[in-house]
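In what comes next, chain A is part of two complexes: it sits with chain B in the first one and with chain C in the second one.
This part shows the complex of A and B:
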C-alpha cells in the first residue's frame, strides 16, 4: 500500500517536473545555476557576486518593510524611526538588517570588484559586464548616501551636508547639482523629500534592470571560460555523475570490501583515459 | 529527465530537510509578518485601541442646558490618538514636534423624544429643571434624570460611516446621511434607507457641573446592536 502511494507520488512529481520543464525550461535553468563548474582553487571567491546580490535583495525586502512606518517629513522622520526601534514588533531586527546589510553590501562589492580585477575577469568578452558592474557600484554608493539622510538625526544630517559640500566643488556643474539635490539652497524639508524619492524609488528602479543585465551577461559568458567551454564542462560533470551512479549500483551489488576498491581503481583508469 | 531528481535523498535527509526548512522558514517569515501585521495583533488580538480607553479617560462634550427640545445639538470632541510617532513615548523622546494628535469626532446629542405611531415626534423628556438652570451644581437626582434621557450619538452613519446631519422636512426633523440616504429620527433610531441598525451611542455621563462627558467607546449589545464599528 505504502509502496504504491510512494511510487505514484514519484510518478506524479516526475510528470509535473517534466511538464514545467517542457513549458518553461525551469529545470535546466536551475541546473545551470546550481551545478556551476568552478575551479577547485579559490572556489569561494566566486560566491562574492552572489553575496552582493543577497545583500541587495535584503535591502529591497527590509526597505519595503521599513516604509510601512517611516515618515519622510522633518517633523516625524526621527520620531518614526524611534518608533520602529522602540515600539514596532521586530523593528530593531528589521532596521538592523537594513543597516548592517547596507554596510556589508559595500564591503562585498569591494571584494567582488577586487576578485574580478585580480583574476582578470573583466577581459574580453566581459568588458561590458565590468562597465555594468561599475554602474551598479555607483548606484549603490548614491543609495547609501541618500539613505543616510533619511534618519534625520545629527549624524545623518551632517554627513549629508558634508557630502553635498564635497560635491559642490565639482567644476561647472557642482552648484547646480547640489541645488537640485537640496531642492533649494538650504538643507530642509525639500531635501528630505528629494532624498526619500531618490532612495526608495528612483535608484532601486534604476538598480533592478542593471542587476538583470549583469546577471544576463554573466550567464552569457559564464563565470569563466566561453559558453562552449561551459557546456563542455557541464557535459563532463554529467558524465562523471552518471559513472558514479553506476559505481554506486555496483557497490550495492557486491558487499565485499575488495569490490569497492576495484571501483576506485576503475575510476582512476577512467581518468587516465580522459 | 531532469537532473535534479536523480539526487538520492534518504528518509533521514528528507526529515532533516523538513525540520530545518520549518525552522528557517519561521525565522524568515515571523519577524516581517509581525512587523507589518502589528495593527492586527494590537487591535484585533490584544484588543488595544489607538484612543486611550482607561477608566479615567472621560472627555468633556459640553453643557447639557444648551441642548433644546426640538433638535439635536452638534458637538465636536477631539479624542487623543496614540499611533506610531504620535505615541506619548515617542513624542516625549522627540523633543521636536509637540503636536496634539487627535481624531476629531462629531456627536449629535438630543433629548429622548416620544415617537408617535405615524413617526412624528411627541413629548420630549428634557428635564424641566433645565428651563431655569443658572449653571449651579446639580443634585444627584437631576444628574440621574439628565443622564437617562440623553441620546449621545456618533455622527458616523451606521451604514458606511458618512457624517449624518440634521435636516428639517415638512416641519419634522430627521438625521439624514448624505451618502446613501440613511434616515434616523431624533433619538438616532433607524427610520429608512440602507443602514442595518441605529446610530452608535457613546458611553456617557452627566456630572454635577451640568456638563456631558463621554468615553471613546460605544454602547453595544441588546437593542443597540451587537457589533462595534471597525472604524471609529
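This part shows the complex of A and C:
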C-alpha cells in the first residue's frame, strides 16, 4: 500500500515539475542558479554581501508593515509612531527591526565594500558591479537620511533641518535643489510629504532594479572572492612560466645571457665545439 | 538533481593554466546550494535574532514631537553621519562650508565610482598593490577617527 502511494507521489511530482519546466523553464533556471560553484575557502567572508541583502529585505518587509499605521502628515506622524510603539500588535518589534536592521545594513555595506576593495574584486571584468554597488550605497545613505525625518520628532526634525542647511551650501545647484526637497522655504508639511514619497516610493523602486543588476552581474562573472582562492592555480602558472623561461634560456644560449648562466646542454655543446 | 560543484569546462589535470584563464575558477569550490546558502542563512538568522532582541532591549528611539518653534534644541545626526558632521568642523565659516560639505564628498564619490579604472593592474593581492591598499586604509582611518572625535565631543560637551 505504501509502495503504491509512494510511486503515485513520485509520478505526481514528476508531472508537476515537467509541466512547470515545459511552460516556464523555471526548473532549468533554478538548477542554473542553485548549483553554481562558488569559492570555498572564504565562504564565511562572502556572507557579508548576503547579509546586506538580508537587511534590505528586512527593511522592505518591516517598512510595508509600518505603512499599515504610519500617517505622513505633520499632525499625525508622531502620534501614529507613538501608537505603533505603544498599542499596535508587535509594533515595538516591527519598528525595532526596521531601526536596527537599518543600522546593521550600513555596517554590513561598509564591511562588504572594504572586503571587495581590499581583495581587488572590482577588477576587470567586474568593474560595473562595483559601480552598481556604489549606486546602491548612495541610495541607502539617502534612504537613511530621509527616513530620519519621517518620525517627526525633535531629533529627526532638527537633524533634517541641519542636513538641508548643509545641502543648501552646494555651489550653483544648492538653493534650487533644497527648495525642491523642502517644498518651500522651511521644513514643514510639504517637506514631510516629499520625504515620505522619496523614502517609501522613489528610492525603494530605484533600489530594487539595481540590486537585480548587482546579483545578475555577480552570477554572470561568478564570485571572485580573493586571490587566496586561486593560489594553487597561480602556483602552477608560475611554475610553468619558470620552466618555459629556462627552456628559452637554453635554446637562445650565449647571446641572451652571460657565460656563467649557461644551461648544461649549451656548456656540453661549447665543450664539444672547442 | 544534486550535482557537486566541479569546474566548468575541462578536468583540472588536463587544463593548461595561462595568464588569461588562471582566475576562471577557484582552486576549491562548493555548491552555492546547499553549502553557501546554509552559511548565508546562518548569518541572516543571527542578524534577525539580534534585531529582535535589540528592539526590546533598546527600542527604536522617539523623542518629543517636532516643534519648529524651539530654538535651543541641539540636533544630532545618526551615528553613520558622525564622521561627516565632524569633518565639517575642519571647514569653518561660510566661505569653506560649501567646499567641505559638498565639493569634497562629491569628488570622493566620483573617485569611488572610478576606482576600477584607477587601479587596472593585474595584481589582486592587497600586498602587491600597496598604493590602493594604503589609500583604502587611510580612508578607513579618517572615517573611524572622525567618528571617534565626534563621539568624544558629544560625551565631553553634551550641551553643545
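Keep this in mind: the second predicted complex is superposed on the first by the 182 of 274 C-alpha atoms of A that agree within 3 Å, B and C clash if a C-alpha of one lies under 4 Å from a C-alpha of the other, contacts with A are read in each partner's own complex, and residues count from 1 in each chain.
Just so we're on the same page, contacts are C-beta pairs under 8 Å (C-beta built on N, C-alpha and C of every residue); 3 or more make two chains touch, one makes a residue touch a chain.
This structure is a prediction, so every number in the text was calculated from the model and none was measured.
Asker: With both complexes overlaid on chain A, does A:68 touch chain B (first), chain C (second), both or neither?
Answerer: Once the two structures are laid over each other on A, A:68 reaches chain B alone.
Asker: Quick one: is A:123 in contact with chain B, with chain C, with both, or with neither? Answer first, second, both or neither.
Answerer: In the superposition, A:123 touches chain C alone.
Asker: Between chain B (first) and chain C (second), which, if any, makes contact with A:82: first, second, both or neither?
Answerer: In the superposed model, A:82 contacts both chain B and chain C.
Asker: Just checking: does A:217 make contact with chain B only, chain C only, both, or neither of them? Give me first, second, both or neither.
Answerer: neither
Asker: Touch check for A:35: first (chain B), second (chain C), both, or neither?
Answerer: both
Asker: What is the contact status of A:131 with respect to chain B (first) and chain C (second): first, second, both, or neither?
Answerer: second
Asker: In this superposed model, does chain C or chain B come into contact with more residues of chain A?
Answerer: C
Asker: Counting only touches as set out at the top, which of chain B and chain C does A:178 meet: first, second, both, neither?
Answerer: In the superposed model, A:178 contacts neither chain B nor chain C.
Asker: Quick one: classify A:161 as touching chain B (first), chain C (second), both or neither.
Answerer: Second partner only, chain C.
Asker: Of the two partner chains, chain B (first) and chain C (second), which one does A:93 touch, if any: first, second, both, or neither?
Answerer: After superposition on chain A, A:93 lies in contact with both partners, chain B and chain C.
Asker: Hey, what residues of chain A end up touching chain B and chain C alike?
Answerer: Chain A residues touching both partners: 31, 34-35, 78-79, 82, 93.
Asker: Can you list the chain A residues touching chain B in their complex?
Answerer: For chain A paired with chain B, touching residues are 13-14, 17-18, 21, 27, 30-31, 34-35, 61, 65, 68-69, 71, 75-76, 78-80, 82-83, 86-91, 93-94, 238, 241, 245.
Asker: For chain C, which residues are in contact with chain A within the complex?
Answerer: 1-3, 5-8, 16-19, 22-23, 25-33, 35-37, 39-40, 42-44, 47-48, 50-52, 54-56, 59-68, 70, 73-81, 88, 94, 97-98, 101-103, 109, 112-113, 115-117, 119-120, 123-126, 129, 132-133, 136, 140
Asker: Quick one: which bits of chain A touch chain C in the complex? Just the residue numbers, please.
Answerer: Touch list, chain A to chain C: 31, 33-41, 43-44, 46-47, 50-51, 54-55, 58, 74, 78-79, 81-82, 85, 92-93, 95-101, 103-104, 106, 114, 117-120, 122-124, 126-127, 130-131, 134, 138, 141, 144-145, 148, 151-159, 161-163, 166-167, 169-171, 174, 186-188, 222, 224-227, 229-234, 236-237, 240.
Asker: What part of chain B is in contact with chain A in the complex they form?
Answerer: 1-6, 30-32, 34-36, 38, 41, 84-85, 87, 89-91, 93-94, 96-97, 99
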